[in-house]
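As structure tokens, here come the structures.
Two complexes follow with subunit A in common, the first pairing it with subunit B and the second with subunit C.
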Partner chain A sequence: MANTYTLIEAKTLTTTTTSVTFSAIPQTYTDLKVVVSTRGSDSSPAGLLVTFNGTTTTYSHRYLLGDGASAASGTNAYSIGSASIYAGTSDGSSNTASTFSSHDIYIPNYTSSNYKSVSLDSVSENNATTAYPVLTAGLWSTVSAITSISLSFNSGNFVQYSTFYLYGISNS
Partner chain B sequence: MAAGSTYTPIETQTASGSVSVITFSSIPATYTDLELVMAAQNSDNYCVMRLNGDSSGLYSRTTLIGNGTSATSGQASNNTSWFPSNGSSTVIANDIIQIMNYSNTTTFKTALTRMNQSFDATYAAVWLYRSTSAISSISLTSPTGNWITGSTFTLYGIAAA
Partner chain C sequence: MPTKLIINCETGEQTEVELTAEEIAQREADAKAYEADKKTQEVIAASKAKAKAELLKKLGITEAEAELLNA
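Let's look at the complex of A and B:
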């Protein structure tokens, strides 16, 4: 019986941390999935940003966002330009205590010699007026295989108890 | 999170050469749900997705769309297929399509979809196929040309037990 989903690495933060990186990713799977539960150290909600292979160029994204009052769409969240992909907005320290945002990042064909198209879904509900469900289409216009994935906030740090899981998905 | 035998790859197809139609046939009825993952490109930016070869007007959809400027929603009824958005002739895109309870013969079939065209829009949609027939085949047709070589299509079976 196929073992389609394989946990490659799990990280649970024990202290405030600026960024998290999954490195030396095996090239033996078909797709990758990153599941994140996190909260930011800044008082304001923070944008979760994704980069690959330590590079900060040739990224693009389009997002669809709700904030509890209206819906919006854009291509340059947090003015990140082409430096990373926007993976949704996380709760900050001023939000309801103990609320962590959830982020699901799916990367098909991460070893291919084509550009990398990414699906990113996230939610940050906190029993208050403003929260952020966000759907993002991301692209890394590079033909290199993905060997590492880094996550950080546009401002502030990940707090203790934030979790990060990387899964490899096999199609055979 | 799925693990072990919960998610089982049924089949992967990779476009090569002059291929305009990708078909998953004889889909086993032994799973609970299906998930189709596409990382695909053609010159039309979309494709025609039909179930069981059915081209009658039993398909409908309601969509949330973010095109980079505004957020909108749309609905279309009595279509002759579903219409996944995919990559263009130059840029790859991906779709994740979850078809619920596909083998039952009592209810109509619904699908949850996420379509990610970074060059055009991000989509979330619910699709309906107004047939009680079990789904045994899925076809994905590039409307006016071929699938670009290297486009991949993987069908997973998801078992609840």
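Let's look at the complex of A and C:
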């Protein structure tokens, strides 16, 4: 049971940015948590994608998604294949003005020499019928410790005021 | 020019780096591949819906009646 949360780094974007990477992550915590608030530059809602250590292979995921009209599930959101993990659908420029989507990414045992399981929980914000709550179970089938985390969209960029927080969690 | 932000958690240094031409090309290719895949899925879904409607018409039953057969 986690009993400590330590803020490692935080960033609020001051300009449009394609991707955000936390590098040189300390290897001294038990788990990591990334908390993100995003809005995309494209009019269509964009898929938020996560990669580790600069690699784009051996990822897999399964998601549950609602869109305000129906529920769905799948294993290849935004046709990303094994190149990244899907962390939910972000607000785009057609969503209600000044709204941002919320994404929580939890990475237990990020320094272990086993494959890395990831839990991802998100919801987009829209004062209309269509909004996307998404739950994703992700896996990175690599035994390396996680030293960097990158976030990007499948299409478009993060707009100004998108925020990115990285926490380290210790179990003692 | 699109940029990526790298935050070094050890030093706190934040660096904005312009994407390379290769990275830009990859992003554009990924976006095109997704759009193409999306269109393919839409065509498949429309084709299935059309085939289903034609079968129901041929059988002379409604969708609700067809669901009863599966219940």
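In this section, the second predicted complex is superposed on the first by the 169 of 172 C-alpha atoms of A that agree within 3 Å, B and C clash if a C-alpha of one lies under 4 Å from a C-alpha of the other, contacts with A are read in each partner's own complex, and residues count from 1 in each chain.
Keep in mind that, in the parts below, contacts are C-beta pairs under 8 Å (C-beta built on N, C-alpha and C of every residue); 3 or more make two chains touch, one makes a residue touch a chain.
Please read these numbers as outputs of a predicted model, since none were measured by experiment.
S.K.: Under the stated touch criterion, name the partner, subunit B or subunit C, that contacts more residues in subunit A.
M.R.: Touching more residues of subunit A than the other partner does is B.
S.K.: A:Y78 contacts which: subunit B (first), subunit C (second), both, neither?
M.R.: In the superposed model, A:Y78 contacts subunit C only, not subunit B.
S.K.: Once the structures are superposed on A, label A:S19 by its partner contacts, choosing first (subunit B), second (subunit C), both or neither.
M.R.: second
S.K.: Going by the contact rule set out at the top, does A:F52 touch subunit B (first), subunit C (second), both, or neither?
M.R.: neither
S.K.: So in the superposed three-chain picture, is A:Y115 touching just subunit B, just subunit C, both, or none of them (first/second/both/neither)?
M.R.: first
S.K.: Any idea which subunit A residues touch subunit B in the complex?
M.R.: Against subunit B, the touching part of subunit A is residues 1-5, 7, 30-31, 35, 60-66, 71-75, 106, 108-109, 112, 114-119, 121, 135-139, 141, 165, 167, 169-172.
S.K.: Once bound in the complex, which stretches of subunit A touch subunit C?
M.R.: Interface residues on subunit A, with respect to subunit C: 8-9, 11, 13, 15-26, 78-79, 83, 152, 154-155, 157, 164, 166.
S.K.: Taking the complex as given, what residues does subunit C use to touch subunit A?
M.R.: 2-12, 14, 16, 19, 27, 30-31, 33-34, 37-38
S.K.: Which residues of subunit B touch subunit A once you look at their complex with the stated criterion?
M.R.: 1-9, 12, 37-39, 64-71, 87, 91-94, 96, 114-122, 124, 150, 152, 154, 156
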